[in-house]
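Heads up, the next two complexes both have subunit A, just with different partners, subunit B and then subunit C.
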Partner chain A sequence: MSNAVRPLIVGAGPAGIRAAQALVEAGLKPIVVDEAASGGGQIYRQRLAPDKRTPRDLYGSEASKATALHETFARIRDKIEYFPQTLVWNVRGTSADVAIDGRTRRLDFSHLILATGATDRIVPFHGWTIPGVFTLGGAQIALKSQGCAIGEQVVFLGSGPLLYLVAWQYVKAGARVAAVLDTAPFSAKLNLLRGLPSQPGVVLRGMRYVAELMARGIPVHFGVEPDRIEGEARVEGIVWRERGKERRLACDAVGYGFALRSETQLADLAGCRFVFDERDRAWRPERDMAGRTSVSGVYIAGDGAGIAGADAAELAGERASLALLEDAGYAVNRERVAVLERGLAGIQRFRDILEIAFPFPDKWAASVADDVLLCRCEEISVGQARAAMREQEVRELNRLKALTRVGMGRCQGRICACAAAEILADVHGQPLEAAGRLRAQPPIKPIPLGIAADGEAA
Partner chain B sequence: MSRTLHKDVAIIGGGLVGSSAALALRRMGFSVVLLDKGYCGAQASGVNYGGVRRQGRPPEQIALSQRAHAIWPRLKEVIGIDGEFVRSGHLKIARTEAEMASLEAYAARVADLGLGLELVGHNQLRERFPWIAGNIVGASLCQGDGHANPRLVSAAFALAARRAGADVLEHTPVSHVEKVPEGFHLSTGPGIEIKAQFVINSAGAWADSFAEAFGEPVPLSRIYPSMIVTEPVSVFMSANIGAEGGGIYARQVDRGNCIVGGMRGEPNTDLDFSRPTGSGAVTIMNRAAALFPALRNSYAIRFWSGTEGEMADRNPVIGFSRTTPNLIHAFGFSGAGFQIAPGVGEVLAELVRDGASRTPIEAFAIDRFSRKDQGSPAGSTPEPQERDISK
Partner chain C sequence: MALLKRLARHELPPISFTLNGTVCTGRVGDTVLTAILTQADQLRLSDFSGSPRAGFCQMGACQDCWVMTSDGERIRACSTALEPGMNLRTFAEQRS
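Up next, the complex of A and B:
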């Protein structure tokens, strides 16, 4: 039977590695394709080159989880077909086109597990494209992967658990953090106390980050409305409003983000049906508790299936593999399934609390100025997009793209589509879901024109 | 919702043909409803390559093409935007002596039709178009041709029609149309009923079912030309490029992106949409990298494809129905409709007003497929790969 079962796992983060492990334990040899040079995903990203840092330095309180995951991946390394630094740029039916080392080739699969993760959700404001502005995730990658900080005087801004985690990691690494600017009011954080009974570890850890930042004299501001980042060739300062007053702080780098957004292009190309997720304020692939999508043989796990964090990703990756095995006729351990599903359900309940504690800045869309750049790839301003929405009655993202080029450039809307949907909702007073979602087109990321074709592409 | 609209003309299909007809009819004073099952210009009219090209068309299309040619530079006054129309010239390259001979023969055949073709030899080509790789035998240049942005042009024609007073109903598929004593009766998905004196069938790749409903089956098939677009690079491509014998066509926009086509995609499970094949897209990319050295180190950022109606003889159907009075067809542009569509819109309006057009369209009669002497009119050269898509 196992000869006919040839699963492809896209992504080697917590979900992808746990999915691979479960398949290996059942005697299968999955293909694992990952864009990074080594396993771990974004959260447990490994150093590019060895240095003196310990796992504790790199991953803080999550060091043991990171180490366990890396060790697991090393252990199954020769029991899987592993393609690092490889981009899956297209999925069609039961084959994937992958770009590897300047060549493209086709990988055929019997089952597909998408563990494509997430990237920062950002909204634009004045100065967001000045050199020295990074996403929170980008700031974290610089630190983890290359051991460098994004600046000498860094301001972290936004909303979401990552805001405090990254600030704390920078401080721990010896970088100078000028301030943490939280767009949510302090009162929102009190909701976290409701999560204490179910997820005490997570809540206490978060509180510790904030307490340690404050103890070191790092200013933490709440209820911040970002106005602009100043500077020409480089960030020189940031201006915000707080309780009606304008405030300014000198800095040379800004890391910002507003929680995460799922990477869903491959699920779209695979033909998965999407549903609107109110909590994520985004369309995501429809899935059952086990990670089955609407397409037979296609599974989804981790943050690419809706934002739930790394712990959930590990559980979901394993759960998706058990579903795959069951669907392929293997016996699976029902008790293990129950444990995984209980764990996932608990985390899902906690996510609701987190969303209240770290809310999206929902006043942003109405207040952002017309001359702010919305789509940086195609250089389209908020005002140009609003004009098309009003004058040409554009109500939907694909139409907005066709008429204004928003989301048409290098990033294919991965950066700007969230913000564009928020503006559509604001301009027309329509629910966010009415904006729809951009139809994915291959290649999901740019590929070189001269790429050599190894085999028949899908 | 249920309501009934009474109009002089109902147009099925809000692509470039239907929209430009709606605009022309409004300017003549007719009341018009323009119906589209989705957004106007979202299918082939909006996602085609964007070639504004007379060169290479069969001689019987040239009069119509010349009529459209006069409209393109006036887009700003006609629809309010220039549609990024550029008169860059259209350079059709020959990679073999045989292809060059074919270009020469075409130039001779259309010599009296006013295209102003200029045959360019190898050495001159190297001198004037040094950005094309060296192994080209020669080319034919049509200086007056160019390219434009279909996404903008198609939507702008529909918007201009609306501003001129046409009822533009998007997301309004026509579920039933029939001839009644006082004209036509159309039923639509959202429950709007329409009574009209005239019906124009400009439904592109979906037009065959409407023609068939009036007893006029046509040999229409669907094609899915696919395109790639590169990241922006320094502007080097000074002309819209085609190739005799097909295989590649390319243009560069002001912003620097190069749009390259030459292969076919395939339909999605949702048949209203199509997508390129991975292998087809890579083939186009490789051909572009080989033909244009400036692109060798650039990246493709997006592929796409569109759904277009193609007739067996690759000429469109334009003109009155042979079975039903006041029914007018205009579809099946077979991957070469973008340039002529604004001219077709004017012709359709003339047919409604005068019962005839001052531009010859006999070659496009719908009954040519049922007549005994069927087949393509003399002189037409099928060039599937070189044509862009649009209706």
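Up next, the complex of A and C:
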């Protein structure tokens, strides 16, 4: 039986590694393809070369989880077919096109587990393309993987648990944090207390981050409406409004983001049906509690299936593999399935609380100025997009892309599509889901010219 | 001028590379993005307005950090490891 079962796992973060482990334990040899040089995903990303820092320095309170995950991946390394630094750029039926070492090849699979993760959710404002402005995730990678701060006087801005975590990690590493600017009011944070009974560790840790930042005299502002980042060749300052007043602070770097958005292009190419997720304010692949998508043999786990965080990703990766095994005729441990599903349900309930405590800035779309760049690849302004929406009756993202090039650039809408959908909803007074979602196009990321024509030899 | 500030990894061995014709030093384990932005404050100029860019997401999603090598190859700086002898350019790269 196992000869016919040849699962492909895309992504080697918490979900992908736990999925691979469960398949290996059942006696299968899954293929694991990952863009990074080593396993861990973004949250537990490993350094390119070891240095003096300990796991505790790198991953803080999550050090034991990171270490356990890395050790698991090392242990199953010779029981899987592993392709690091490899991009799955297309999925067609039961084969995937991958780019590896400047060549393309085809990998055939019997089952597919997508564990493609997420990136920062971004909305633009004046100055967001100036050198020195990075996403919160980018600022964190600079520190964890590269041992660098994004500047000498860093402002962190946005909404989401990552805002305080990254600020705290910077302070711990010896960087100077000029301020933390939270777009949500302080009162929103009080909702976190409702999560205390179910997730005390997470809630108390979050409170500790804020308390420690304040104890070190780092200004933390709530209810911030960002106006602009100043500078040309590099960041010189940031201007925001707070309780009606304009405030300015000198800084040389800004890290910002508004929670996360799922990477869903491969699920789209695999033909998965999508549903609108109110909490994530985004379309995501439809899936059951086990991670089965609408396409037989295609499973999805982790933040690529809707944002739920790293702990949920580990559970969901294993759960998806158990579903795959069951569907392929293997006996699975029902008790383990129940444990995983209970864990996932608990985290989902806590996610509802987190969303209230770290809300999306829903006034942004109505207030953002026309001359702000919406699409940083094709350099299309908010005003150009609004004009097309109003004058040409554009109500949907793919139409907006065709008419204005928003989402047509190298990032393929990863950075601008969320913001464009919010503006569509605002301009037309329509629900967010009516904006639809950008159709995925292979290759899902830029690959060297000519590579796509380079044979199909697998 | 440098955009990024090194806080750790000072102990790792140096790697020589060339940036816009000048010999520079990075560290083992650096990405190309880190190696350049600890010496300079931009990676490229944007395709249409020619405004300076220095990457954004650092995780291979935004595609904002592409730099040119001297032989015309385009590499994504955030996901490419620095190698000895790399010859990199961050000059104008306007789309023709």
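The rule is short, and it goes like this: the second predicted complex is superposed on the first by the 451 of 458 C-alpha atoms of A that agree within 3 Å, B and C clash if a C-alpha of one lies under 4 Å from a C-alpha of the other, contacts with A are read in each partner's own complex, and residues count from 1 in each chain.
Going forward, contacts are C-beta pairs under 8 Å (C-beta built on N, C-alpha and C of every residue); 3 or more make two chains touch, one makes a residue touch a chain.
Computed from a predicted structure; not experimentally measured.
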{"item": "Subunit B versus subunit C as contact partner of A:97, first or second or both or neither", "value": "first"}
{"item": "Touching partner for A:143 - first (subunit B), second (subunit C), both, neither", "value": "second"}
{"item": "First, second, both or neither for A:410, with subunit B first and subunit C second", "value": "both"}
{"item": "First, second, both or neither for A:52, with subunit B first and subunit C second", "value": "second"}
{"item": "Touched partner set for A:120, first subunit B, second subunit C, both or neither", "value": "second"}
{"item": "Which superposed partner A:25 touches (first subunit B, second subunit C, both, neither)", "value": "neither"}
{"item": "Touched partner set for A:242, first subunit B, second subunit C, both or neither", "value": "neither"}
{"item": "Greater residue coverage of subunit A in the superposed arrangement, subunit B or subunit C", "value": "C"}
{"item": "First, second, both or neither for A:446, with subunit B first and subunit C second", "value": "both"}
{"item": "Touching partner for A:371 - first (subunit B), second (subunit C), both, neither", "value": "neither"}
{"item": "Contact residues common to both interfaces of subunit A (with subunit B and with subunit C)", "value": "378, 409-410, 446, 448"}
{"item": "Residues of subunit A defined as touching subunit B within the complex", "value": "89-90, 92, 97, 104, 106, 271, 378, 392, 399, 402-403, 408-410, 412, 439, 441-443, 446-451, 453, 456-458"}
{"item": "Subunit A partner contacts - residues on subunit B that touch it in the complex", "value": "39, 42, 46, 151-152, 155, 159, 230-231, 255, 269, 273, 275-279, 281-283, 285-286, 288-289, 295-304"}
{"item": "Touching residues (chain side subunit C, partner subunit A) in the complex", "value": "1, 3-9, 11-12, 28-31, 34, 37-38, 41-43, 46-49, 51-64, 66, 74, 76, 78-79, 81"}
{"item": "Complex interface listing, subunit A residues touching subunit C", "value": "35-37, 42, 47-53, 57, 119-120, 129-135, 137-139, 141-143, 145-152, 173-175, 232-234, 253, 263, 376-379, 409-411, 414-415, 445-446, 448"}
